[in-house]
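Several structures are given next for inspection.
The same chain A turns up in both complexes below, where it pairs with chain B and then with chain C.
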Partner chain A sequence: MMRILLALATAALIALPFFADRGTMFLAMEILVIIALAQAWNLPAGYGGLLSLGHHGFIGLGGYALYVLSRDLGLHVLVAIPAAGIVTGLLALAITPVLFRLRAVYFAVGMWVVAEIIRILVMRSDWLGGASGMPLAGARDIPRAWMLPTAYWLALATALGATVLVWGLMRSDFGLRLKALRDDEIAARSIGVAPNRVRLTVFVLSAAMTGMAGAVSYFSALFITPLGAFDIGWVVIIVFVTIIGGMGRLSGPFLGAALYFILREGLADFGNWYLIALGTSAVLAMLVLPGGLASLGDRFNFSKTKEQS
Partner chain B sequence: MLEVTGLSKSFGALTVVDDVSVTVKGGEALGVMGPNGAGKSTFFDLLTGVTPSDAGRVMLDGEDISALSVEARVVAGIARAFQIPKQFASLTVREHLHLAATAGARVSASEARRLTEELLDRTGLSALADTPGGKLRLLDRKRLEFAKALATQPKLVLLDEISGGLTESEVHALVDIVRALKTPDLAIIWIEHIAHALSESCDRIMMLNLGQKVIEDTPSVVTADPQVRALYLGEATDA
Partner chain C sequence: MIVVDVILNGLMLGGLYALFGLGLSLIFGVMKIANIAHGEFAIGGAFLAIAAAIFLGAPLWLAVIGALILSFVIGFGLQLVLVNRVMGDDPVPALLMTFGLSIIIQNLLVELFGADNRSLDIGPLATAGIDLGPVSIGVFPLILFVVAIALFAALHWMLHHTKAGRNIRATSDDPDMVGMMGMERAHIFAIVMGVSAALAALAGIMLAMRGSITPFSGAERLLIAFEVIVIGGLGSIWGSLLGGLALGLVHVIALRLDPSSGPLYGHLLLLAILLLRPEGLAGRKAQR
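Up next is the complex of A and B:
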């Protein structure tokens, strides 16, 4: 039953460009990118205890990687987008020897500093268009009428791909290591789990997914600027969506994204009030529902089993 | 199997483990006794690598493991059952053992499954195989702690006051389990306050006081030693 519903929902999502207008498609694409980003952020944060406040650095890196691969190597955008994810993952791997010396809140802030450094380097680079940014050379690769549907399908593939990847990872032997580390690090090490190897893997995977989602997002934008691509606002949304939705839960990013976009679109006519609503709901969630929206189901089940016993 | 020479550790001016040397062969069980603060737990921390030692060498099966990390020593063959059982709240009992077998013993997934079922059976946890670690009773947590240590296929098992909180009859059951563990390719070190438990299961007993080895001999010699009686057994009869 669940499978049939999921298959129907996926089919409807794939078919969306054939019946939706441009505005709906843009919004749907944005939602899917946020889900992919939240899923990617949730992997090290929710499952691995590695909280990053610098994932906007990976969004920008992914975006710029797409633009450079397309312009300088002439890669087709459909090849350059996954390649941008791989490039971002490799760059993330390169910074881990320094970053993984930091723990907890120092790691979170260290990541933020890294993102800032990347932004400043990009702004000072003429090769990357400096502060004014650059256009997407590969825009010609796709016929104009197919641009938006293609961007939408890429966003859909990224969001579903990230979800399936996290789902598969958590069901594997690797997922056991990750959960064990989160529950009790000393106990996990005491049965042979090497913490840094596990954390490195989820961190690099997360960076690659984030880079790819960033590339998809800036593919549809056709122009990239350092201030937009390396905006801390990305992380604010991602963290909000994941925490409200449920850290360390597969459904968390979906539920959090739903609430975020309902608030944003519902309060669109009231200026920045939606930000106040977001902040209030985030505080409320942390106080009364620390497991996020995804934990509501557990509570219901829990009270049910209690009644039975 | 295990050869420890000149192991020492100080915290500031306080020497907690002072030049301890001891050898445990395969098939042998060594009991470790000593008053609180004698350095027993720190001795285990040094063996497992949780605490880095200041001096001394730890050899396991002819291999110097003194510089290895905690997890690398587990793979090399040291397993520890903690005094306060450590389990993973979100993993089932079966997953605990599967993880210990794949990460600690480095066996294939299919071999890990076989080993897991065997250990579930041996430790009487089969009925609880799908229960999450967070929902176990104390005795079952102790069983799991034991099974987890064995799932890493160790050459040396460290038992850290595992009888704590158990009733007298449960302690007897534990002694039987430890005796059953004795196989030629496994060495055992058991820290315990209950002297008779060690006497009944161990080949030798080492007594620590203020970080130093006071005596190491057969249980009958150690328990009859006047120095040991003064230091330790007096305290035990009070309890």
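Up next is the complex of A and C:
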């Protein structure tokens, strides 16, 4: 039953460009990008206890990787977008020797500093267009009329792909090791879990997914600037969406994203108040619903999917 | 002589940086948590003083004292009502809670004051200088530096020579035992957060006197405070002073040699310290 429903929902989402208008599709695409980003952030943070406040660095890296691969190597955007994810993952791997000296709180803020360094370096690079950014060279790879549907399908593929990847990982042996490390590192080590290898893997996977979602987002924008691509505002949204939805739960990013977009669209006429409402929701969730909206299901015991960590 | 000039300016800027780090260092030391809202406490405190001075027409000294007292009360209250409820062995819930608070405070400031640059006017003091032959130093930066050093000394004295300080140090060493001795841990934490918020506010106020701030200035201040305590080395407040001076020097030298670099070299200094001397300049081996 559940599977049929999921299949129907997926089919409806794939078919959306054939009956929705541009505004709806843009919004749907944005929602899917946020879901993908939240799934990617949730993997190390929620399941692994490796919390980063610098994932905006990976969004920007993914976006810039797409633009550079398209302009300098002439890659077709449909190839360059997944490649941008891989490039971001490799760059994340390169910074782990420094970052993995930090734990917990220091890791979280250290990641933020790294994202700042990347932003400043990009802003100072003429090759990357400096502070004013650059246009997408490969914009002509896709016929104009198909741009938005293509961007939407890419966002859908990224969001569903990230969800399936996290789901599959958490059902595997690897997922058990990850959760064991989060819950009790000493006990996990004593039964042969290699902490740094496990953390490294989820961190790099998370960075790659984040980079690809960033590439999709900036593919639809056709222009990238360092101030937008490396904005800490991305992390604010991703973190709050995941806390409110439920850290370490597969449905968390979906529920949190739903609340975020309801607040944002509902309070669209009131300036920044939606951010205040979002922050307040996150603080309230920490106090009264530490498992997020996803834990409401277990509370009333009608949850059929046992995805709980 | 330009070298002396740069070093003096770097040290004086470093005093202000150290002050940003001092409050955060206190929180880390006593509660073992990170306060992501530290930058917003600083900027929020400065806006309280600006509101009192500009909108209520209070004299500057009164506006500053009022803002400091109010900052203490806000920090105390937030810790007592919110943050204490998520404190435990895991520092992550408190980190996320303060992250939420930082965004709430920042956007409230935007709604109340707009996103414009604001500053606190200190009159002719802002441009006064002392001529020391070949170099001259600003009077106000010198005052900032002296105030920062005095506050470090005052906090040191408070921690080591008063009853409240003894309780705070005991809580830092063994919070469970302190609870068993009949002290209210939650209350001590609230006092520490209040003091930290007031110290942050003072740093923010001095920043607003020295230049200008916007509601978005908090994030950068948080990173500076964080870098100060990691570079200096955790566990001692004097480490924060050392870290602040080192960061100030690096920023001023970088600004002279590479004017468009912004905080880049400060960030790189942090990475270099992490790679080469993870225990920080002050050198005590610390758990992180």
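The criterion applied here is as follows: the second predicted complex is superposed on the first by the 301 of 309 C-alpha atoms of A that agree within 3 Å, B and C clash if a C-alpha of one lies under 4 Å from a C-alpha of the other, contacts with A are read in each partner's own complex, and residues count from 1 in each chain.
The criterion applied here is as follows: a contact is a pair of C-beta atoms (placed from the backbone, for glycine too) under 8 Å apart; a residue touches a chain by one contact, two chains touch by 3 or more.
The structure presented is a predicted model; accordingly, all values stated were derived computationally and were not measured.
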Touching partner for A:Ala104 - first (chain B), second (chain C), both, neither: second
Partner chain in contact with A:Gly192 - chain B first, chain C second, else both or neither: first
Of chain B and chain C, the chain that contacts the larger number of chain A residues: C
Which superposed partner A:Arg177 touches (first chain B, second chain C, both, neither): first
First (chain B), second (chain C), both or neither touched by A:Trp167: neither
Contacts of A:Leu51 with chain B and chain C, given as first, second, both or neither: second
Touching residues on chain B, where the partner in the complex is chain A: 48, 50, 69-72, 74-75, 79-80, 82, 86-91, 95, 98-100, 102-106, 109, 133, 148-149, 151-152
Interface residues, chain A side, partner chain C - complex: 49, 51, 53, 98, 101-106, 108-110, 112-114, 116-117, 120-121, 124, 232, 236, 239-240, 243, 271-273, 275-276, 278-280, 282-283, 286-287, 290
Interface residues, chain A side, partner chain B - complex: 173, 176-177, 179-180, 182-184, 186-195
Chain A contact footprint on chain C (complex, rising order): 33-34, 36, 82, 85-86, 91-93, 95-97, 99-101, 103-104, 107-108, 110-111, 219, 222-223, 226-227, 230, 260-264, 267-268, 270-271, 274-275, 278, 288
